[in-house]
Amino acid sequence: MKLQNIWFVVLATKINFYLLEYSLKYISRYKYKNIFIVLIMSTLVALLASTFFLSNAMKSEYNKLISNYPDIVVTNQQALRDTTINENSSYKILEIKGVSNVIPRVWGEYYFLNANKKFTILGKDEYEMYSNPLLNENLNLTKDSMVVSLNVKRILEDSYYDDYFNFIKADGNVKKMLITSVLEKSTLINGELLIIMNKESAKEIFEYSKNEVTDFGVSVANKNEIPFIAAKIKTIFPSAKITLKEDLKVHYENIYNLRSGFFLTVFIISFFTFFIIIYDKATGLNSEQRHEIGILKALGWRVGDVLNTKLYEGIIISLLSYILGIGLAFIYVYVMKAPYLKKIFLNNYSLISNYNINFSIDYETLALLFFLSVPIYIAATIIPSWRVATLEADEVMR
Amino acid sequence: MSLQQIFKLFSLTLFLSATLFAYPQITQNIKDKKIYPMGQKIYKSKCKEKDFTNFKTYNSLYNTLNKEKACGDLSKKNVEILSVYLWDIKLHNSTSLEKLVVTKDEKCQVCGMFLHNYPSWVSRINYPKDETYNFDGMKCMFKFYFNNKKGITDILVQDYYTLKTIDARSSYFVVGSDVYGPMGHELVPFNDKKSANIFLLEHKGKKVYFFDEITEHMVRSLGH
Amino acid sequence: MIKLINVSKIYDKNVIALNNINLKFKEGETIILKGVSGSGKSTILSLIAGLVKPTTGSVLIDKKKISKIPDHFASSFRQEHIGFIFQKYNLINNLSVEENILLPLLPLNLKKIEHQKRVQEVLELFNIEEKRFALVKNLSGGQQQRCAIARANINNPKIILADEPTANLDEKLSLEFIEILKNLKSQQKTIIIATHDPLFFELDFVDRIIQVKNGEIIYDIES
């Protein structure tokens, strides 16, 4: 390929609609092959895009959930197992400069035998300031009342508990709690089976003693100080487990990380399929196609004109596939809420049972998929034709 | 019994009864972090805007809340929290300074960097007639201050540990620590000397200075 | 004015297609290149059209050395000045007659009206108007040839080159083709035909007959 040829290669400055029409007719002359390519490529794009969209939606939901967690959670341990902690120890932590609040939290799970489900119980003090806005609302809880989420209400109703529920304590006695209201769906971030009640009642159900609490939620004003404060807490409570909000984020990212099995499989399959398509295109044209280019050269078409038509052809096919694929992914994830894919994600990796999928435009994924597919396909379309078009036309036609 | 013994018994009883309802021993830390916020919440939800500034002693305030249930039915613990809150606030009558909030477009007056990326480092100098300047960090603020001392109404910075707005002219600053601001080496502001000293130890600071001990030379030697 | 000066063409495996030939063609001349297949006559046509470059020597058309100019300009030159009728017609089977005829004009981005005008002209001129929208693969041999001729004339070239034009035609169609040639000659076009069909050797409007054999010019006579 001579240097001059590169000069005159693609006259991309103006769109020649005759050449465009020629490209369209060319595509329809190889109708079935091109339909096949579009189908395959758009499926690949849709698959990859769905995976990205879904994992990003889940990531943002998870981050929203995490954002309500305290900066540091201090859990007492005995024999490296989680255990309760004395409320009064929180004063030691409060003395640390930089700590803005310490909540002695009472929360846990309760197993409901009839429905084979675990309820999450959150204990709430009326006047404490919590990091979770859900708990800061005024829920009008009395000593014997509780607020439940919608899914809990349904489960209880199925067992004929309409207005109240009997919690069975370890000593066999029963604690009756009245259901005063149901939490709206919008206030919940995930589909946990949630019950919120007075702290004292929760303590009673869990059979905590007077000063016993589940753990401490520590809030830190200046985020820069969190690791230092965590270290100080560790020296005050050497046997405690210290969980940082940042660590939870990293933990999650590792799970939804691209290295994990599912993603890897999807990528490998997509890559190979795409590679096959590109390879087929790039290894050249059949004799009929070469002949046609030779004819065009003989009729006075320049190399640039031939490549222009190839450019249009490449753009039409790959852009169409891309748009179709992205459109399908959008519908699948945001309208249909990703039926089977979601199950795969949740079952394998989730700590949480359900997610809302909120619409958001993920520009990074869109750009990534675009640049991985469209330019490569266009190149694979143009390059073999380039080789053919720069040969002496006479050779091509014999 | 002799007169002396009776007197001893009487004063003992008096003393005991006094300590029964005495103002509780709580550190200022606990008060700031737990008592005041909780007390405020209780007051807002239960006391219906009642005025509690007329009480002469802590005990009388406590009694009104406890025995006469002036704010409704509250647990003993909550009554105590509320009493301490009301007593201290009445006594101190402190109004906290405004939080230093900046918009997305605001820039540092000296170096031109956008402020909203480093919200915990924002500082401010106010002049009369709503003339106000923001800075990203103490270095920039001091550079401006030394050249424009005239007519300043107040200088506001954020305490490093609590991020509460404090008056710079009664604050302490630590130099030479391993904590960097948006412009590199910084003076780190603190509300009180104790906090400054704890920070100095933990973050390998060189020295603690009061506001008026800081010179232009010091600020320049911190580099850009 | 077409000139071939000391032209040799050697293909890769030392196949000598042309061996140091010299030729001159005047404007408006009708020339027959006579010879069997493989004699080199088709190569001469390809050289004039600029489809191949000579191994040695040069090809000049109207003083322009087309053997030396880059491919880009050679293609433009070909588009403007040369109409080539191939032995196998080289039409695109799945396109219509009109679409095939218009192919040479597409890169020029002319107005649609211009396209319509020119297409109409050649369709009438070469008598294939009724097959305008038919696909080439559905045409008979004669119709395909007329389509190829129409295509070669769409840009009104000064030089018409035809390579074995009657090889696939019966006598009737061959005579029709000769009629068309007469027509073209009357338009002052330079016509060069490479053929071994004896039908051409007796024609009165032919100006020269050049015998080519084994890459060399045997004789060059005015008729």
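Per-chain residue numbering starts at 1, and chain names A, B and C are given in the order in which the chains are listed.
By our rule, contacts are C-beta pairs under 8 Å (C-beta built on N, C-alpha and C of every residue); 3 or more make two chains touch, one makes a residue touch a chain.
No experiment lies behind these values; they were computed from the predicted model shown.
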Legend entry - Category of the chain touch graph - line, ring, star, complete, other: line
Legend entry - Chain with minimal offset from the mean of all protein Cα atoms: A
Inset, instruction - Report, in whole Å, the distance between the mean C-alpha point of chain A and the mean C-alpha point of chain C. - result: 65
Inset, instruction - With chain centres taken as the means of their Cα atoms, state the distance from chain A to chain B in Å. - result: 42
Inset, instruction - Please report how many Å separate the Cα centroid of chain B from that of chain C, as a whole number. - result: 98
Legend entry - Set of chain A residues in contact with two or more other chains: none
Legend entry - chain C residues touching chain A - in the complex, by the definition given at the top: 46, 49, 51-53, 70-72, 75-76, 78-80, 82, 84, 86, 90, 92, 94-95, 99, 102-107, 109, 151, 155
Legend entry - Touching residues (chain side chain A, partner chain C) in the complex: 2, 4-5, 7-8, 14, 16-19, 22, 25, 29, 291-292, 294-305, 308, 390, 392-395, 397
Inset, instruction - Please give the residue numbers of chain B that touch chain A in the complex, ascending. - result: 27, 29-30, 33-34, 37-38, 41-42, 45, 78, 81, 120, 160-164, 179, 194-195, 198-199, 202-203
Legend entry - Residues of chain A that touch chain B when the two form their complex: 91, 94-95, 97-102, 126-129, 138, 221-225, 228
